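Chain lettering (A, B, C and D) follows the sequence in which the chains are written, and residue indices restart at 1 in each chain.
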Amino acid sequence: MDARYQPADPNFADRIRESFARHGFMTLLGATIVRVEPGLVEIEVPFRPDLTQQHGYFHAGVTSAIADSAGGYAGYTLFPAGRSVLTVEFKINLVAPAHGERLCARGQVVKSGRTLTICALEVFALSRGGDGEAGVIRTLCASGLQTLICLHGRADE
Amino acid sequence: MDARYQPADPNFADRIRESFARHGFMTLLGATIVRVEPGLVEIEVPFRPDLTQQHGYFHAGVTSAIADSAGGYAGYTLFPAGRSVLTVEFKINLVAPAHGERLCARGQVVKSGRTLTICALEVFALSRGGDGEAGVIRTLCASGLQTLICLHGRADE
Amino acid sequence: MDARYQPADPNFADRIRESFARHGFMTLLGATIVRVEPGLVEIEVPFRPDLTQQHGYFHAGVTSAIADSAGGYAGYTLFPAGRSVLTVEFKINLVAPAHGERLCARGQVVKSGRTLTICALEVFALSRGGDGEAGVIRTLCASGLQTLICLHGRADE
Amino acid sequence: MDARYQPADPNFADRIRESFARHGFMTLLGATIVRVEPGLVEIEVPFRPDLTQQHGYFHAGVTSAIADSAGGYAGYTLFPAGRSVLTVEFKINLVAPAHGERLCARGQVVKSGRTLTICALEVFALSRGGDGEAGVIRTLCASGLQTLICLHGRADE
């Protein structure tokens, strides 16, 4: 846990899982939240043929959708209760083909402000190691930067 | 048609429709190409509840996926035959809620180079006008900028 | 003049010229405001050898500095009196060498909100035409997108 | 030193200092290179009133100029001899006022490819600590992401 970040709402993890469950699109992608900490959220998506682009890799739209959501929820972990989060903008570099058994997007708060929050985004393609190799091979396939706005006086519903 | 842009391959429109048909993810979204011209492509997605975020609007991941694809194909219209297109990076500002009956993303070439191509991205939310109103209300909901790379010596398959 | 944009403060042009005069850095660059309209500002910089990069063209830092300022002031034209403008972030593509007798940056409001304003940025390199050619050759050398924040309750001083 | 990155040219540091000396604009800003390692470059600028914006802080144009240069040279450390570097695009978030005795920009390679290189950019404002405090206070004032292109067959002159 990153000691820099103190959540304003102790129920931040529940709040995030409830909000995530209301995202029809995350369900369509088969995405799940795999990690929630103050200022950090990870979202994973297993490979499916209907998530691909023309070469059979994960489509950049999948990569950027889970990156955007991971960043949005990372910022949301630090918001007081009763607020809502919106993405103002994000930029993403697709640095390697998103080729693997699943994608894992990590959003991490760089700067948390009263109105605006800035997050770093990273997406990794995960593959099982070959014969005799233990563990999982992680390849960075996208790197991004995102600006969020905290909407005061509006619950996330 | 924009006189600035001369397609290098007269079959560019067929080439794009074939490539698009191989994108499993575009099929999952229900996306279709509605316009193809040299340097310009438009992609539409009708509203479905499984394309939404927590407030019931189109998810930013849908908005950015079709914006990225529209830009990628806009660049691809100007490539010679036998090349492939990859998104290097894109940045997108979500300027209004993506609330409507369908989304329309437009990619438009700003600068076409031998290796790199730069596209402007716009996404509009389209709604039918109210009683007595003719036509469709278009609201700009996203504006972006994208860098593409033309892969030489590799067909898009 | 763009009819979409109504300035909230009729003295917007004076307010901008006064603010610009307080930018030590714009003076150092030799930059001047050459156009102010609601939602649009243009800033020019004549060529000087101390504004160059290693190939003798304008440095990308000059290009992006005047693009950022043109966008910031374009947003500022629409702010009520007594507010201040800050750049939240910008992204800029350097699409051609910034080679010419002067650079002209144009900032143009894409979306004006109460808190956030989004601007499109363009920078042109201007050169005199050759023998027998009238007028000036304009080459697009940068294209960008910018997010501004309006600081309420704080004058720009 | 980051073991991930092996410079292709053992004279990379000399090559960078020579190139930097040809940037008229870096001289105008009073910028110096303070650190060069494979995949990492830092550039500093001391405060001067002619580098400011309207509130007396470093102008965003200074912040982004040294961030862009630090990233460009970070990528350049890994290029073979006889190549040149150009910035394709960058995005920068200005996360805090650039207020201090000097600015330090760090460019760090995220992904190094044959044609394209991606760098992370950070700019810190440095101030001396108060009475009884040792050392320097570093405040992150900007965070960015940059795409560079390696020009083959063209020396950096």
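The rule we apply is simple: contacts are C-beta pairs under 8 Å (C-beta built on N, C-alpha and C of every residue); 3 or more make two chains touch, one makes a residue touch a chain.
Please read all numbers here as calculations on a predicted model, not as lab measurements.
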Contacting chain A as well as chain D are chains B, C
Over half of interface residue numbers shared between chain B and chain C means same, under half means different, so which is it?
-> same
Indicate the whole-number Å distance between the mean C-alpha point of chain B and the mean C-alpha point of chain D.
-> 34
Report the inter-chain centroid distance for chain B and chain C in whole angstrom, where each centroid is the mean of the CA atoms.
-> 28
State, to the nearest whole Å, the distance from the C-alpha centre of chain A to the C-alpha centre of chain B.
-> 23
At least two other chains touched by the same residue of chain B: list those residues.
-> 88-89, 91, 93, 145, 147
Can you list the residues on chain A that touch chain C in the complex?
-> 88-89, 91, 115-116, 145, 147, 149
Which chain D residues qualify as touching chain C in the complex?
-> 19, 22-29, 48-55, 59-62, 64-66, 68-69, 84, 86-94, 156-157
Complex interface listing, chain A residues touching chain D | 91, 93, 95-96, 110-111, 118, 120, 140, 143-145, 147
